[in-house]
Each structure stands twice: as structure tokens, then as C-alpha cells.
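Shared chain: chain A. Partners: chain B in the first complex, chain C in the second.
Moving on to the complex of A and B:
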């Protein structure tokens, strides 16, 4: 699992308000070389939660990513390396609120929830979603 | 073997090691999956600016559909409930990141980060209740609501589905609409029962959907043609032509001519004809009490 994915992933357990970021417990980290694409990195930079990203890259190894101008090649290289080339192979992700461990095996995090952790969409009260609901309900019904 | 894998066993059990390997080694399935994912990617209508996107592949299985995404230069995150399928994906060294998860439990991704989502032949699994705690309606709701949250504004999600019947199609579509998605169903090859493929195209954010894009579905000749089915699903409107019709006709007053005198006269008539008629009393022709 790359840090790109880690930065998008949050805990989905019932009752957890802020399940992001998941803490990384790294046991084995591998590197795979990927072709660099500056445009993609710049796009992703807007979406990345920087603090979580820096914490995650620290947890993965000694290498630290620091914030500087996006235009410098040096920065882009390091950003690219940390975001797309570092893979968490074995270890775990830990939910920041409940401390629940999601084990990572062969690079695949196991995000399956137990039955009592399952939200089943009950707490999906979104202001925006409700507005849509009202608008669409009368039409489809 | 039953024709629909959904009725055989839950996905994490059906796609065991043997089945996963069989699935991926069948060149026919590989080819179908590639065609479907390419069509899904086409329907996703990503902006044409050569910048790789971060996509989501829901029910990625062994990564057959993800391969198409990689070929087009996109980064993707794949989610599947079958560990065996994901193991095969690892062996095939797919480029995307894989997650073991249940889409019916919600996706658990940060809001607004994903540029688009595809799903090939997966969503119909949600319509089954494989455990006592499963409720298809709630699982569909959890899935679509969490997907709506994690998609960026204006992003699309394309699902290739095999609904078992009309009810199932409606169940899926309704769940998507309730989550806030706009969109409809595109049917490719509507006249062929074998080649017929349904794509659920959903758009997140804006209500307006590019209707011209949606209503174009492939015909036998490979040409695009507008299809009745998809049109109907999109333009769901409520007919209000009867709005000004009066709800009820005003009741006629039938009381005239049926008073006590009229009744007595009728009874007299009957007596003259020799019929058995109850005697006239103080109760004759009297109105019953309201509470009767």
C-alpha cells in the first residue's frame, strides 16, 4: 500500500467521528520505482492532507518530506518517492480514536469490520445529502 | 454450475483460491472484463488533459479492470472482499493499491479525494443478504452514501451491473438517487440478450447530467443510438396533467321525496296489494341516531 492510498483512507467504524489519519505501524517497507509525472503530483498536492502525509512518511522510514516550493525538482522527486514508491508491505493501520488495528498483509490492508462495528449507513446524515434526497425522492417515488 | 454466482454463495466464499484462479485464467472472461472496463472508462468521461487521475475500482477482484485503468495512465485504488482474488491480483503485479474490504460497510475514504469510480459486475452482490445482520437496502445506502462523500465535485461513477430483475435494478437505482447521485442507466446492445450490458452512470455534485452523453448507448453496429430504456430512467418526471380535476363530485341531496309522508304512502300501497307490512309506529320513518 502506498502513502497515496494511506492518505485517502480513514477508519470506518461505527461511532468514530474522525477516523483520519490512521497511524502506521510499519514492519516491512519496500520500494518500487514508478515513472514520475509532475502534473499528477501537483494535482495530488492539493488533495493530500500534509500533516498526515509527513507523519506517515516518518513512520515508514527515516526519510522526511519537507514542504517547499512545488516547482523545485528536488522537492518533486522526494514527494514522488514518498507518495508513490514507498509501499507498506507488512504492518498495521491503527484507528486514531478506537485503537482498532487493521492488519496489513502482503501490502493489502484488511479493512473488513466486525458486525458490531458496521455502520450500515445509519449515521450518514449529511446536510447536502438530505437536500438531494428531498429533491429526488418525489421524482423517483 | 448455476448461471448466477450471486445465488451460489457469498462473494468472499464463492471466489476462493480455485475459483479466483479459474476466473483470471479464462481468456474469455479476461477479454470481456477488458471490454467492459474500457467502456466504463469511456462513460466516466474524464477531462481530456492527460493528467493521471486517482480512480477507485470497486470490486476490483484480480485487477483485470484495474489493468485497463493503468494502461490509460491512471492511478487506482482497488477494493474487494475476496482475499483470494486479491492474492491473484498480487501475483499479477497490478499497479494499483489493493484494499480488503466490504463495500456494503461503506468505503471509509476521505471526502472529495477520488476523481472517479468504476465497478465491473460487482454491485449486484450487495442485493443479497448473506448474513443475518445484512440488510441489502442499508448496505446499498451505506455504499452509495460513502461513495458520494469521497468523490470530488463533478466526478462520475460508472457501474456495470447484472441486475437479476427489474426490482433489483430499481433497488440499486433508488439507493443511488437517495444518496444524492444524479444519472441513469445506459444499455449497450439492448436487443441482444447475451451481449446486453447495463451501465449505471452516476454523477456527483451537479444535478444536471450531460444527457446527450448518457443517452448514447451502443447499438449492434457499434454506432451510437438513443435508447428508450435509458431515456425513461433519466427523465423521471411526475405527470401533473390532472392537477385541476376536482377531487370529488359534490354529493347530491337525495333527501327530497323520502320523508315520513312518502314512507307512509308507500306502506299503504303495499298493504293494499296484500303484502305483509310492519305496523306504523312512532318509530316509522324516523332518522337513526348518529352513533348507530
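Moving on to the complex of A and C:
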């Protein structure tokens, strides 16, 4: 997972209001060189949430931490490198509101929710929802 | 005009990875890639920045799209999702075997991307679970998620369309596989109300099924003019035989892979 994708991803747990940005827990980061395209970077620059991007790049490794990236003479190179060449290979993305961890394995974040995270809070509180669902499945199955 | 240029590359079947719980490329996948090939020049002139596949399965389609359009050097990035974790792993292997890349996420349709990716996707490709099944088969894990489409095969399609509308950019295009039983003309009318024009790019009838690859794009001039039926007239007439065909119950590409 690249930081470009991290910048587009929010916690999808029902009821969470401030689900962006997901905090990065990096266990393994890999670098893969790709050719730079200035047009792409220019387009993305307008769309990127800069604070989330700088924090994320810091989480990917100490040498990436740099708030002065914007002022850098080599800005495009560094933006390109952090946005597209760093990959979170193993680790997790953490919901800023609930602390729920979404695992990242082999570079792939898993955003699938458990059933009780995917329904509105009111439904799951009384515990009746699950019983009802079990009932439905046993009838039709 | 004819030249000896090489034909554009698509994913090669021998390099497509597989898993018992992942849908293998079949007639519907080939028809979708054929539609992208047929529209290749338009796609290149379209200069997409972000391309996305919802339900990437084996990775055959997103890999082909990346081979047809080029990657970072061309200023294009790819995102692919699938609800089946096995499928996303297989997609990663298929992409790597072809020397291309895409950002992969295990998620339900585009859950988690809907806020920040709004209006950023220039090209979206979808081969949805379109097979009519009992509703309770929808959302079952594993390979079932690649075909189980509920009533008229529309349950998942009808959840994808509003997400597509949200994620597509102003100039965004959507290519989607449909089956006659899905009532494609009704899908087109529904999208028309959201301001989209539509066109059949590829139509293919096999022994088992009649597939249509429909391309949707925002038609700003004709947005929400309920009294104007002309735009839907063309596509409507092409689907006129649909109701007759839907009585016929054959097996589809997707059903062949049911266990």
C-alpha cells in the first residue's frame, strides 16, 4: 500500500465520524522505484491532504520524516518518492476514533468489518439482531 | 492507415494466478477486456489519472487495463478491490507476473474509499456478481461472492451504481458487464436519471448467456431531463428482446464455476 492510497482511505466502521487519517503501524516498508510523471504529481498535489501525508510519511520510517518537504528544492522528487515509491508491506492501519486495527499483509490492507461493526450502533446494543439473523439463516438453510 | 504495429498486450491466461476460491477469467472477463481494447484509442485520449476495478477476482481485467494504458510513466495509477481476500492475493500475483502494479484493498465494493476518493476515478471497470440467485446467497464468502447476484442478479449491481456515481470524476467512465436477466435497459434508465449517457460497447451471446458490456459517462447537456426519452430510446430498443430471453434459464460463465 502506497501513501497515495493511505491518503484516500478512511475507517469504514459504522458510526465513526473522524475516520481519517488512519494511523500507520509500520512493521515492514519496501521501496520500489518507479518513473516520475510530473503531470500526475501536479494533479495529485491538489487532492492530497498534506498533514495526513506528512504524518504518514513519518510513520513509514525516520528518514522520511520531513515537514519542510514543501520548501525543498527537490520537492517533486521527494513528493514522488513518498507518494509512490514507499510501500507499507506489513503492518496495520488504525482507526483514529476507535483504535480498531485493520491489518496490512503483503501490501494489502484488509478493510472488511465484523458484522457488529457494519450495523448502526442501536441494532447491536440489544443483542437481538444476531439472534434474529441466526433465526433467518436456520430457516432458509 | 494500416501499420504493422503490434497489437496491444492484454493479460495472458498462462500468467494469471488461480485459487480454488477465486473466479477464473471466463467469457464475461474476456468480453470486458475486449470492450476496453475496442475503446483503447478513446481511453488513451481520455488521459485518465486514476483507474479502478471493483471486484478484481483473478486480476485478469485490471492487469489487462494496466497493460493497455501504461503505468506511472504514463501518469496513471490503478486501484482494485475485492471482498474476497483470496482474490486480492491472486490479483497481486497476476499483476506481478505481468510486471505491472495496482493498489489493492480487501473491502466490500469501495468501503473506506468513499469519502476521500470521491470524484477522482477517471475509469472504472466492474464485472459484478450478476447471476440471479436466492437473496440469501448474496454476501456469502469465497467464490460465491463473484457470482451471487440475488433477485435478477441486481442486488450487488444496485449497490455498486451509487458508489460508482460518487467516485467517478466529472469526466469519469464506467464499463460494466451485465446479463440480459439483469434488465440492462432499466440500469441505463436509472443511470440516466443520475445524468449518465450509456452505450453498449460489446454484445456477446454465447450458448449459455447474453452479455452486454455497457459504458456509462456523464452527459452534462442531457442531465435529468425526464421528459426527454430520446437518449434511452436507442439502447432501449436494443434490449427489447430482453424479456423474451429472460424466460430462458441457462447456465452462465459464472454459474459454471459453482461447486
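Criterion: the second predicted complex is superposed on the first by the 108 of 141 C-alpha atoms of A that agree within 3 Å, B and C clash if a C-alpha of one lies under 4 Å from a C-alpha of the other, contacts with A are read in each partner's own complex, and residues count from 1 in each chain.
Quick note on the criterion: a contact is a pair of C-beta atoms (placed from the backbone, for glycine too) under 8 Å apart; a residue touches a chain by one contact, two chains touch by 3 or more.
Note that the structure is predicted; figures quoted are calculated from it, not measured.
**Q** Of the two partner chains, chain B (first) and chain C (second), which one does A:20 touch, if any: first, second, both, or neither?
**A** Both partners, chain B and chain C.
**Q** Between chain B (first) and chain C (second), which does A:107 come into contact with in this model arrangement: first, second, both, or neither?
**A** Both partners, chain B and chain C.
**Q** Taking the superposition as given, does A:1 touch the first partner, chain B, the second, chain C, both, or neither?
**A** Both chain B and chain C are touched by A:1.
**Q** Which holds for A:9: it touches chain B only (first), chain C only (second), both, or neither?
**A** Touch status of A:9: both partners.
**Q** Does the superposition put A:37 against chain B (first), chain C (second), both, or neither?
**A** A:37 sits against chain B and chain C alike.
**Q** Just to be sure I read the superposition right, which of the two partners does A:115 touch: chain B = first, chain C = second, or both, or neither?
**A** So A:115 only meets chain B here.
**Q** Using the superposition on chain A as set up above, list the residues of chain A that contact both chain B and chain C.
**A** Common interface on chain A, chain B vs chain C: 1-2, 4-5, 7-12, 19-20, 34, 37, 39-40, 43-44, 47, 49, 84, 106-113, 136-137, 140.
**Q** Quick one: in the complex, what on chain A touches chain C?
**A** Going through chain A, the ones touching chain C are 1-2, 4-5, 7-12, 19-20, 32, 34-37, 39-40, 43-44, 47, 49, 84, 106-113, 136-137, 140-141.
**Q** Flag every residue of chain B that touches chain A in the complex, lowest number first.
**A** 50-52, 54, 73, 75, 77, 81, 83, 86-87, 90, 95, 97-102, 105-110, 112-114, 131, 133, 135, 138-139, 141-143, 145-146, 148-150, 173-174, 177-180, 182, 207, 236-238
**Q** Quick one: which bits of chain C touch chain A in the complex? Just the residue numbers, please.
**A** Touching chain A: residues 49, 71-77, 79, 83, 85, 88-89, 92, 101, 103-108, 111-117, 120, 134, 136 of chain C.
**Q** Quick check: in the complex, which residue numbers of chain A touch chain B?
**A** 1-2, 4-5, 7-12, 19-20, 34, 37, 39-40, 43-44, 47, 49, 84, 106-113, 115, 118-122, 124, 126, 128-129, 132-133, 135-140
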